[in-house]
Amino acid sequence: MLDLLRAVKNGGLSPAEALEKLRFQPFEDLGYAKIDHQRGIRQGMAEVIYGAGKTPEQICGIVAHMREKGARNILVTRLSPQGAERLASESVLEYHPIPRLGIVEREKDQALTGAVVIASGGTSDMAVSEEAALTAEVLGNRVIRLYDVGVAGLHRLLAHLGELAAARVVVAVAGMEGALPSVIGGLVDCPVIAVPTSVGYGANFGGLSALLAMLNSCASGVSVVNIDNGFGAGVLASRINQMPGIAG
Amino acid sequence: MLDLLRAVKNGGLSPAEALEKLRFQPFEDLGYAKIDHQRGIRQGMAEVIYGAGKTPEQICGIVAHMREKGARNILVTRLSPQGAERLASESVLEYHPIPRLGIVEREKDQALTGAVVIASGGTSDMAVSEEAALTAEVLGNRVIRLYDVGVAGLHRLLAHLGELAAARVVVAVAGMEGALPSVIGGLVDCPVIAVPTSVGYGANFGGLSALLAMLNSCASGVSVVNIDNGFGAGVLASRINQMPGIAG
Amino acid sequence: MLDLLRAVKNGGLSPAEALEKLRFQPFEDLGYAKIDHQRGIRQGMAEVIYGAGKTPEQICGIVAHMREKGARNILVTRLSPQGAERLASESVLEYHPIPRLGIVEREKDQALTGAVVIASGGTSDMAVSEEAALTAEVLGNRVIRLYDVGVAGLHRLLAHLGELAAARVVVAVAGMEGALPSVIGGLVDCPVIAVPTSVGYGANFGGLSALLAMLNSCASGVSVVNIDNGFGAGVLASRINQMPGIAG
Amino acid sequence: MLDLLRAVKNGGLSPAEALEKLRFQPFEDLGYAKIDHQRGIRQGMAEVIYGAGKTPEQICGIVAHMREKGARNILVTRLSPQGAERLASESVLEYHPIPRLGIVEREKDQALTGAVVIASGGTSDMAVSEEAALTAEVLGNRVIRLYDVGVAGLHRLLAHLGELAAARVVVAVAGMEGALPSVIGGLVDCPVIAVPTSVGYGANFGGLSALLAMLNSCASGVSVVNIDNGFGAGVLASRINQMPGIAG
Amino acid sequence: MLDLLRAVKNGGLSPAEALEKLRFQPFEDLGYAKIDHQRGIRQGMAEVIYGAGKTPEQICGIVAHMREKGARNILVTRLSPQGAERLASESVLEYHPIPRLGIVEREKDQALTGAVVIASGGTSDMAVSEEAALTAEVLGNRVIRLYDVGVAGLHRLLAHLGELAAARVVVAVAGMEGALPSVIGGLVDCPVIAVPTSVGYGANFGGLSALLAMLNSCASGVSVVNIDNGFGAGVLASRINQMPGIAG
Amino acid sequence: MLDLLRAVKNGGLSPAEALEKLRFQPFEDLGYAKIDHQRGIRQGMAEVIYGAGKTPEQICGIVAHMREKGARNILVTRLSPQGAERLASESVLEYHPIPRLGIVEREKDQALTGAVVIASGGTSDMAVSEEAALTAEVLGNRVIRLYDVGVAGLHRLLAHLGELAAARVVVAVAGMEGALPSVIGGLVDCPVIAVPTSVGYGANFGGLSALLAMLNSCASGVSVVNIDNGFGAGVLASRINQMPGIAG
Amino acid sequence: MLDLLRAVKNGGLSPAEALEKLRFQPFEDLGYAKIDHQRGIRQGMAEVIYGAGKTPEQICGIVAHMREKGARNILVTRLSPQGAERLASESVLEYHPIPRLGIVEREKDQALTGAVVIASGGTSDMAVSEEAALTAEVLGNRVIRLYDVGVAGLHRLLAHLGELAAARVVVAVAGMEGALPSVIGGLVDCPVIAVPTSVGYGANFGGLSALLAMLNSCASGVSVVNIDNGFGAGVLASRINQMPGIAG
Amino acid sequence: MLDLLRAVKNGGLSPAEALEKLRFQPFEDLGYAKIDHQRGIRQGMAEVIYGAGKTPEQICGIVAHMREKGARNILVTRLSPQGAERLASESVLEYHPIPRLGIVEREKDQALTGAVVIASGGTSDMAVSEEAALTAEVLGNRVIRLYDVGVAGLHRLLAHLGELAAARVVVAVAGMEGALPSVIGGLVDCPVIAVPTSVGYGANFGGLSALLAMLNSCASGVSVVNIDNGFGAGVLASRINQMPGIAG
């Protein structure tokens, strides 16, 4: 829309044309679902389909349309094993069962840049961590995984100080007491994206305990995304990692 | 009561006598307040007065009665500066303004045993930490204070590994994200008592964030007391520190 | 880590060696899962596997590796009946269906010391109570079970005053109004570990009612672990029960 | 209204008359406040003024109007000391500062019937307990006060089993863990009215902890009123205590 | 216990005998379950088994033992259709599928006394309402059912003013906005027991909306039991309805 | 903006002009505050100043600027008595202390149309009710006030069925159990705007109890605004009351 | 009831007759369910059956009775596919699977009047949106659907300014951050009905996030219905859309 | 610490020296307060003092010590007017009363780089917005303020599309419904830091409504900091804005 309004302002577009364009529906409507060209993802050379609540048929239909338009590196989140099986019969699919994430026509030899560290507290946080890691990779970022570095075993975290020091951005994933982002935030100078997970039981309340702990972090440079939102953390990490340097 | 029932069981007391004793009011009733001989504290050679909600006159009256009975080392919690001033005019009072805690007729050269570490995240947790520390000291425990060792500055905590290793019990006091007990719980083998504080703002919700984080600690050996309950943590730490060895 | 850092300090280890050791992964990585040598449990001569979220194959694999290293008395928590059946076909397994807990190669004639009382409010709290009791037993503690002694039938609790008086530590398990730890805390002088359970309905809110009641206990010496966390209570009870006496 | 509708039904009143009566405003409107003839209280020979949010002048004005109509035994709840002072200068006032409750023109030698036990956990619950007790007394009930019988000191409660056994209804007032109604509910066969108080700190959340505990009571015959609602408990206790026997 | 202690007091029992009796387990322990002789129910000539969480085999075993002791009018709450089928094959069972409640060997021609009105807001509250109604009936109370008299259709409620006027106690059952007890509380002078139900959706939060509304009722004489606790309301209503008149 | 975009669409405005207009700041910036020409209010011939958080000087300055532009009927919400005193010294002010609302240069003989009923549960809801009523009146609506018609005294509400039947829209204001909108919603066919108030205590939680009750209303045609938002209810009631008839 | 009371007042009905009529049960009772002639819907020429919790047999029975009385345009909400299949075998049924809504004997060529815009944030809100839209249509309103116009893609919303400008009432449906009603409320002058949906995950808490956002809307003219309550929004939108013009 | 451990690793430091350094207290302890050299801030050439909870004397003492060490550009957050007055008498202080923030010895002609946009919903969010803006400026960032661009007046936001398009990072501050970050997130491609404020009333619950809305934002690239945490947002914005470009 920005481009559009600038074009109007610059005279490159008449108001009538602008309004026509505004009315033009940029989503292909397949009846059962609109093809979701996720804004902001596009610049990273990838497309995204939110798989949750869509039938295998619908997902396959959307992928087919995208591929006709020449898309590749298509990310499908929250993709069930059944959906993956169906999709694999029609496309070249790389499927990751733990984060339930599929990548259609993944680009080979994709150049990966920068350094995004994904750190997580326990193996049970792996689904969310991998959703973040694979999202960032598909968007062209070099990812370093530091899993099972929870705060109750500090030596495991301290063994990786080198990787942390080299990070341009850290995604810290944790459930239960959600302390990992605070500890990491005290060790690094780069931005830290905290992802609370719903892992835990009892007074965990579906991730609320970790969420509140992260919002109250006493470390600087920490911000928080929604519970279990590995995808969102991966996209944001990509944006920060790929920041161009400040011009002169 | 235990003694009483045992006496009945052992024949040392008739049921009628037992019931009479049960009916006997072991609290002196001063009209405006009953003298609170805090159970469980007694064995530590100290008496406790909860100062909250009592007028300076009432506190002085209770102290006077206790001293008549020969009590010393009397702990007065939540004692206002006004109450302290009044009390100091009648008794030998040691007053600590930050935890608002007074000690009447403190025993000199009290023997202190064992090792209770009180660790806290920030200087703003000092009121609660000192309430725990002074309570434990009055009950005869040797206390080591490690303040301002919050998890966002790990080097400050790691500089004190020796003290932590020597502890028989650790009281970990923290507000905000409440991560300190988890980190300490991963470093020591002794019991850790976690005390959430109401320090913080925003989504801290009066200490709820720290409380939930501590209950969800992924470290073993951690248990939790109520928000800001430094006194309770001090009493419990004393009980654990002064555990006799297992017979045989 | 403590030992490691002391070794560095004492000159028994060069920094390079220390860092190498820090980097050395003490967990065997089987690909699908890391073998979890639960810290703090080790001194009790037992190993622990958290069974939740692991497939029977994974659990069997981990147990096999542990046994190769000579482990016995291996505790498997949250073990499904299916997992138990599979595990029993490969190892000598003692399986407890109510707390869903398995013990592999349980040591016969294990010496049990001290006195840990596990008290619970109702038969519906038995799963959590037994998780605590068996954990404590496997760690070498003598356990006295007082079940179905809820506060609405005081005579059942008072009939066991002798056992309570002999306890070195009490684990009080209760759902619903969570009053048991307060009542017991007023009867004993030893530490009381309160375990809220999610048993109940309506305004119980998954154990929140019992949790809040226990945190607000007016008795001294009570601390709280997470909802349904029988395992954690058992570990902490063991640490307290096995406290050595204070040296001279 | 019931009488009105019955009169219409029985022909004693025409519909037009009934509607006129319905429209008739039974409240005297003094401009600044309507005189609140509390329904349901009336049969207990007492009138009630909710003092909260009314100026001393307004309260005096309302009392004056009531007395003109011949009222005595007028209960004024939440009456500030200032309001009491002003009111005492114009009426015969009995003022109770702890529950902030005034009784105007209290009937001498009022007959008191039945047996309402008001039990409370600690001295800090006294304001709410006394609001309940005085309300019940003014409504003509014999009240037995058992204060400071909290569950952490069972012997104090058990010393009063005789009074509990004689009660027709018990009002159990408690803050913090709110366990008193459950314990009493297990000891008596009569109805128990539980009153949570906002006394406490930390995770007490303004009385929520006691409220939830009471709603989840495992004892039969317990029901709950709002936090700090001593007045409501007193009115309900009066209704139950004064129940006539079942005819035939 | 009361009787026991009185016997001790009156000399009818030696302390040793009393303690023996206290230690005597009045519950038969069948291994898988203890027979729950619900206190307070006994005087109403009925026995209660909480069916939730028990297998059909366990329930049948408990019933068999009770019948051996001569019990009839045995109430089984939360009884599944499968459990009912099994139980009916061994006993004379009256089963009510909506409240999932069974009555074994129901006494014929049981005398019913007094007047308990059970009023409910909608047909979806019927399960809870019937649990209350049948419980009260089995305990010997005459029950009047006023269902589907929700506040959004006042004429349906007003059509039953006569029944309300004749009640000795009203049980008001409602979900959603929970307003029924307040409206009824303004129409009657007898005690009103409010039962919130979990019926509803959205911001109903499992009955929390109705629970809070009922606790905040502006009508006098209203008290509240736990969400969906029809059984508890029935027991309490029975106690109030069967109150004897005040002596002298 | 709508007009603007239509003008662009209709050719009455060039895009450049449109963008210029968009950039034009329609708010006068006085430095300390921007004059808030409340959108949507304008059509009702009134202006609004939110007084909360503004000093008397700032409010006077804003009023002065508005009057220069010819405004009258200026509503000032949440205006403190101090602010009112100051404002009255410079303008013709009608001040209502209970809702803390001022009207500057109120139009005399303003035509009032339609029928907006404002009903409230108790006198303590009067501040919110009057904020709604006065807002609606200043916007040109005829307002009928039915105060103190709470559901615990149905006869008072039923005495006003005529007024309710004549309403085009009802604003139902209630605290505590928040039942009034449900009862009214069952009596009328027009839209009902429910306003929860923070009046109450205990488990009222600042209006949450009334809010949840209103959202769960079982009556049709009820919608809810924020707690204590009398102003918002007044504006919405005005919009509905002044709806033109459907063309054709 | 209104008509009834007016008749009494006007003399057209004797009180006895009125009471008889009040007692007359206007609901047909089929035993398993009462036929629910939804008040307020009637004037819109439609009948409503709440399908939730009713068996297909019950729904078919209710429909049969309604049709005997001549009803058509019968709305069945929350109708399962199984129920629809059964119902379609007996009646002319139009079934909408996404909102799970059926219309029996839908009137052909029903006149639709006014303009109700249903706007929604995402395709996942479609079930709730369609429940609102179809309800409004069956009640005789012209409905304009603007789906997938969420605030994170403003151009999609701005492309429909014309439709918004023409609306007499807008229903704004949104989950997640619930911002749509605020944005639309700033663009239109007509009433906006906000419907929060439970769509989302993590800290969405079943629609609570959207609900709170909508209650706190900074736009005027916005009110809120319960989470997922598309039916309620449709009914209210119909009432507002069909408001007659103000007389005189 | 990172540097330290690297030095150990690289041989530049012996372990003994490293441990000595670890033990060395880098904070000057003034007795009443430790000088807080905020980690992570240092690189931005500024020092920070958290003023909350410190007396004017303490703040002046800390500033004096910092200045002795040559510090300038010292940020003092949450500084009361009294503290500012005192501090200004001893130092060159620039004080901002709305965000209660002081800058001591502010560097003149400080070079500002990049582009940080601070956007806020209303004038009442200005305290938090200015805390973020001034923090970012002192840390060397060029800041563009877009205040009063709330979502209920979209034209005000759209008038600033140019500034938004030029931003390297946006801080979006909003209370009430918290929708601003979602709308901005849909317009820009750079990271968006959302700051909920406690501005609002009723169901705002101290900023909870805005917090939940922001966590549930449907726009990509949005993360959240704690309620009212303008300082934290400013620090994080600085880190992102000053990211160097990716090498190679």
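Order of writing sets the labels: A, B, C, D, E, F, G and H. Residues in every chain begin at 1.
As a working rule, a residue touches a chain if its C-beta (ideal position, glycine included) is under 8 Å from a C-beta of that chain, and two chains touch if they have at least 3 such contacts.
Computed from a prediction, not measured in an experiment: that's the story for all the values here.
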Chains touching both chain C and chain H, listed by label:
A, B
Shared interface partners, meaning chains that touch chain E and chain F
D, G
Quick one: point me to the chain whose Cα centre is farthest from that of chain H.
E
Centroid distance [mean C-alpha coordinates] between chain C and chain A, Å
38
Would you kindly tell me how far, in whole Å, the mean C-alpha position of chain D lies from that of chain A?
59
In whole angstrom, the CA-centroid distance of chain D from chain H equals 53
Going by the contact rule already set, what residues in chain A reach two or more other chains?
1, 5, 39, 152-154, 158, 186-187, 202-204, 208, 211, 215-216, 219-220, 226-227
With touch defined as at the start, can you tell me which chain C residues reach chain D in the complex?
121-122, 150-154, 175-179, 182-183, 185-187, 200, 202-205, 208-210, 212-220
Contacting residues of chain D [partner chain F, same complex]:
1, 4, 19, 22-23, 27, 33-34, 39, 53, 196, 198, 207-208, 211, 226-229
Per the touch rule, the chain A residues reaching chain C in their complex are 123-124, 148, 152-155, 158-159, 201-204
Along chain B, where are the residues that touch chain C in the complex?
1-2, 5-6, 38-41, 43, 113-114, 158, 161, 164-165, 168, 186-187, 189-191, 193, 211, 215-216, 220-227, 232, 235-236, 239-246
